[in-house]
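Right, one structure below, let's go through it.
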Amino acid sequence: MARRGPLAGVRRCALMACGLLLVGAAAGCSREAQSTLHASGDGARRIEGLWWLMFWISMAIFAEVMVLLGWALWRRRRAGARVRGGDALGMVTVLGVVAPLVILVVVYGLGLRDLDALAAPPQKASVTVDVMGHQWWWEIHYPDRAGAVTANEMHIPVGESVLVRLRMADVQHSFWVPNLMPKTDLIAGKLNKTWLRTDRAGSYRAQCAEYCGQQHAFMALLVVAEPRASFDAWLARTAQPATTTLTAAQARGKAVFEQSSCASCHTVRGTSAVGTVGPDLTTIGSRWSLGAGAAPNDAGHLAGWVVNSQTIKPGNAMPPQPVSAQDLPALLSYLQTLK
Amino acid sequence: MSVSTEPAKLDQLEQEWGERPSLHSWFSTVDHKRIGRRYMVTAGIFFIIAGLDAMIMRTQLARPNATVLSPEEYDQLFTMHGTAMIFLFSTPMFFGFGNFLVPLMIGARDMAFPRLNAFGYWVFAFAGIVMFSSQLVGKAPDGGWFGYVPLTDKPYSSGINLDVYSLGLLFLGVSTTIGAINFIVTALKMRAPGMSLNRVPLFVWAIVATSFMVIFALPALNVANAMLFLDRRFGAHFFDPAHGGNTLLWQHLFWIFGHPDVYIIVMPALGIVSAVLPAFCRRGVVAYPLLVLSIVTISIISFGVWVHHMFATGLPQLSYSFFSAASTLITIPSGIQIFAWLATMLRGRIVVRTPFLFLVGFIVTFVLGGFTGVMFAITAFDQQVTDSYFVVAHFHYVLFGGAVFPMLAGIYFWLPKITGKMYAERLSRWAFWLIFLGFNTTFFPMHISGLLGMPRRIYSYPGDLGWDVWNLISTIGAYILAAGLLLVLIGVIHAVRRGAPAEDDPWGGDTLEWGTASPPPPYNFAVVPPVHGLHPMWDERTTTALATGKVLEGHQAMTTSELDGQVEGTIEMPEESLLPLAAALAILVVVLGLLWSWYWMAGVGALFVFGTVARWLWPPERSPEEAGVA
Amino acid sequence: MPTDQQVRKTGGLLFWFAVLGGALSWAVHLFVAWGVDETTCGGGHTDVAGIPLRGVVAAGVVLPALVTAAALLVAWRGWRRASAAKRSGDDPRMERTGMLLLVGLGADALFLAIILAGGAAVLVFAPCQR
Amino acid sequence: MTAVVEEATEPRALASEMPAGRTTGWWGMVMFVTTEATVFAALLGSYFYIRFQSGQWPPPGIEDPKLTKVVIMTALLLPSSVPVMWAERGIRKGQRWRLRAGLTITLVLGLGFLAMQAWEYSEDLKKHTLTTDAYSSLFYTITGFHGFHVAVGLLMVGWLLAASLRGSFGYRRHERVRLTAIYWHFVDLVWVAIFLSLYLSPRL
């Protein structure tokens, strides 16, 4: 490692940089790869530009240091290399103070400009979303549309700015959508605001970025950016209570749901279940996952979750449910009708 | 080297300063060399335990959705890994280096307060035992090393885990503060005659600057931990917004300590680099005043950068920018140091040995860590990647690269002086390459998984996010790194047991510790050497004085003036005593009493503390003439 | 003529002002500019006892900057005279004084840069803009 | 004045050494006092941090702390630095009786302060306790921590008194008296800061 020519250093860095890009693009195309290097939101794209600028400046200075180091090590092999006196005040001042000062002031200035741009969206926010952080899931409200309550999923119209108001109900969390916007923490007793805006439709995975206890790892949410028309349709569906016509089995499932302990913790608008401890389940059928990203939303995992969610997401607040063998399929079929 | 003309006087000194190797003297020693060695061994053991914590975590994270660890176990492991590495390994290890080397480098016979030094070690050892034993019973702290409230406050962390955290750190704070005071007073008052401030070795500058940072940083942590304990145990409301408290108060208080603390960890290591480099470049480090400038300015600015840990908490952007400015411009002193070392190599005749290899490894990793550090100083970019694996990669590059590499260089460099035995060169070369390769394989991929949006402190992750390959590489790297560190351990144990006896000055170093025997006699210097320049051992006036000068007899040490090292007089050094151990045990009783809510026991312990300290400082019986009565 | 004792005392004061002046005024800058900004915005006000917040913060930048510039000048003057004296006499104290004044010089320059960088932010951001 | 500045930047003046004679014990105590002062600075900093961000201060339901008792306490504690200094100057001249007298007076004044504080606490605790709200938590922690420091100071003075009765101090050997004096003056200064911030400033 010690005696590499300067050229090898630069080649290795270029190789590494391409590796980075390749990986960013390749992984998963149905859902956008969760990555800060694959930015499609205004905020994240600006920071991505800043990152590549700082990356290349760093690689240049790293090459400079490697050249100096390599030269010093290479020089020692020459016969008669003798100790030169002097204090090299000039070299240390120029390389160690003047050059870094110039680079730092430029980078600091760009940083100020980008930070200023992050403060407010380009045009006034047309949609407001209230997010309440819980220990280990996200409660989502759309104040403009009465009754529009969901969990771990947030839809936003493409091309429009969305104001996101952040509160928390227990401990500190952090709202981070890597592809769209740098993170903002949810602080006790404080209302924090951030905004999202993207021109590219797609679903972007987001995750809590402040250690908040055992299941901090599985406190994800999906931000779905879609054209205005489908956004309005989704919002209407979400705001609407569960009124789909039920088959006999599904009706029995509904009865099981209302009499058992489910109703004491969960709300399904349009039924007698009004518990507020757990998430609102009115549109559980159409959600992207169970347990804020802990398991995919299909019949098998739903059954496993209802019977004993501690096996999938240990430590979460939902105790195992004693649902009898014949009631379970009815309950599942009912839950899947809640679109 | 220091064979004086009067052997009789040497035997007299040996008899007065020496401690018969017995169990009693093991517990009652006040010799800074024995205490320094003990600090390093204990910190080394804690490093191994915290390192094993990291290995288990890396095994859990090797594959997605792994079940090696439950979330609760993982949380305790990552908290103990962070807390132990920062509090129980790095600062004590460098206090060990400082304890052993500062008196030798400044030509003193011991630290200014030898018994206080022993007391500091015992308190550190007991605090470490208390914190690690909580891990054995599964009650280790699990709130992260910076333990943000409200998660670490009562309703959300009801176990005793966080009481272990706050009381353990309060207990440890006693030892760190005492060590810092001891270093400052030793460096100010006990330098060899002639050693004015511009002739003080850079390692001593680094240790004294670190001590001043400890003096001004630890109080913020102590206040924060005291408030947390009062909140948790007695229902105070410092951090409870419902009753007028403020959760950001914890973050401010913690990070006012937190960031100076990471410089408290790195600064002694930078001092070690400046102490080891001259021996392998056959010349002093260039631009000595600029290096002193960077040590002093880094120490001061480190107190004005703490809010860069809180850039995502929604404070006014103008407040952020003051700290972003200081965090960005603190790079310049680091830049001065890096280019000064490179200039020293360029202007010197390099001799490649293992310590020098670790210095090269240090420069490569610390420079990379420095770049990502500057990136974090820019608020906008920090908001995107803070609390992700990118920050995990950054601080391992600057903490492992910046502190552990120089520490390993220091261990190999001073092993002959500390133990009197030489290490095996071939084995240590293998150790270096394994560590360098393992380190980069472990932590470089974390930059990438961080940029791919992987948050830190997650016990597991789903498989479809593109993080798997990077985490697997990191785990493989961790095993290589562990192998390298194991080779270091084997090399040191082999050297101590069966190594070749080392000469007094195997490297031709320039600082005064190479003027003593290996290992140094109990009294260090028979003749307190006059200093005439920055490199005493390369200055024949000092070396001849060491050999032929006048012996300072008795259990005496010389004190000199603060700025110019003019001789002021001599002071009587205290004998060995068991009171430091007794006082440390008394405080342990108080801490355990508070931890288990046996408040009467804590009360009794407090009485014992007063009793032992009163006895410790009790002045000797003096006749009126001797004391001087009008 | 000022007595020798008076000169020695002022010399000591100026010496430490040159070495530590930058650090102290930067600490005051941080305490005033950041402290006032965060607590005032946190409390929801936009002025401090009638004075607009931006004015107070700007004062928290300009005044410490001036004090640091003064310390820088004293350090520069002292360093030049000390290094001149060092070359001529052999008083070992000159070396120590020269070195410490050089450290003071560098430190004051660095702190001035930090205060000015903070000042630039005052121009870019509204005081309570989040 | 410019003449002095002109002279003072003479290299010879700039290089003046600080007056010699500070012992290792003196520096040790000064450093200890510095770190304790930083603890109180952090406590008072937290007090002002929370105070400036909360609306009404002290919060509704708790009226401003009454000044009568506190003024007496200040009148007890601040003057108690005088007998300590008097005692220290005395022992410097070898007068043991002056040391013992001075220390005894300091002890009495200090105990008076603690008694008054206990009395004040007994009344305050009827209105609000540590667990009422952040203001009370801060109030009791800061004043309690200072009271603890006064108590430790009194233990040190008592210990000095015992050692001097046993006859260990004279004009040659009295460093521990000087160090205790430094600590005691520090405890007074902290009380001035607490008095101004906790008791006086809410009224301004």
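Per-chain residue numbering starts at 1, and chain names A, B, C and D are given in the order in which the chains are listed.
Keep this in mind: contacts are C-beta pairs under 8 Å (C-beta built on N, C-alpha and C of every residue); 3 or more make two chains touch, one makes a residue touch a chain.
This one's a predicted model, so the numbers in the text were calculated from it and none came from an experiment.
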Contact-richer chain pair [A-B vs A-C]: A-B
Centroid-based (C-alpha) most distant chain relative to chain B: A
Between chain A and chain B, centroid-to-centroid distance (C-alpha), Å: 37
Centre-to-centre distance between chain C and chain A (centres being mean Cα positions), rounded to whole Å: 43
Distance from the mean Cα position of chain D to that of chain C, given in whole angstrom: 30
Centre-to-centre distance between chain D and chain B (centres being mean Cα positions), rounded to whole Å: 32
Contacts with two or more other chains, residues of chain C listed in rising order: 93, 96, 113, 117, 120-121, 124-125, 129-130
Sites on chain A at which at least two other chains make contact: 101, 108, 112, 115-116, 119, 192-193
For chain D, residues contacting two or more additional chains: 17-18, 49, 53-54
Chain-chain contacts as defined at top: A-B, A-C, B-C, B-D, C-D
Touching residues on chain B, where the partner in the complex is chain C: 194, 196-198, 288-290, 292-293, 296-297, 300-301, 303-304, 307, 314-319, 321-326, 328-329, 332-333, 563-564
Residue numbers on chain C that touch chain A, as the complex places them: 113, 117, 120-121, 124-125, 129-130
Complex interface listing, chain D residues touching chain C: 3-5, 7-18, 48-49, 52-55
Residue numbers on chain A that touch chain B, as the complex places them: 1-2, 20, 23-24, 26-28, 33-37, 44, 46-47, 50-51, 54, 58, 61-62, 65-66, 68-69, 71-73, 75-76, 81-89, 91-93, 95-97, 100-101, 104, 107-108, 110-112, 114-116, 118-119, 135, 166, 170-172, 174, 176, 178-179, 182-185, 187-190, 192-193, 205, 207-217, 293, 314-315
Residues of chain C that touch chain D when the two form their complex: 1-2, 6-8, 10-15, 39-40, 42-43, 74, 77-78, 81-82, 84-85, 91, 93-94, 96-97, 101
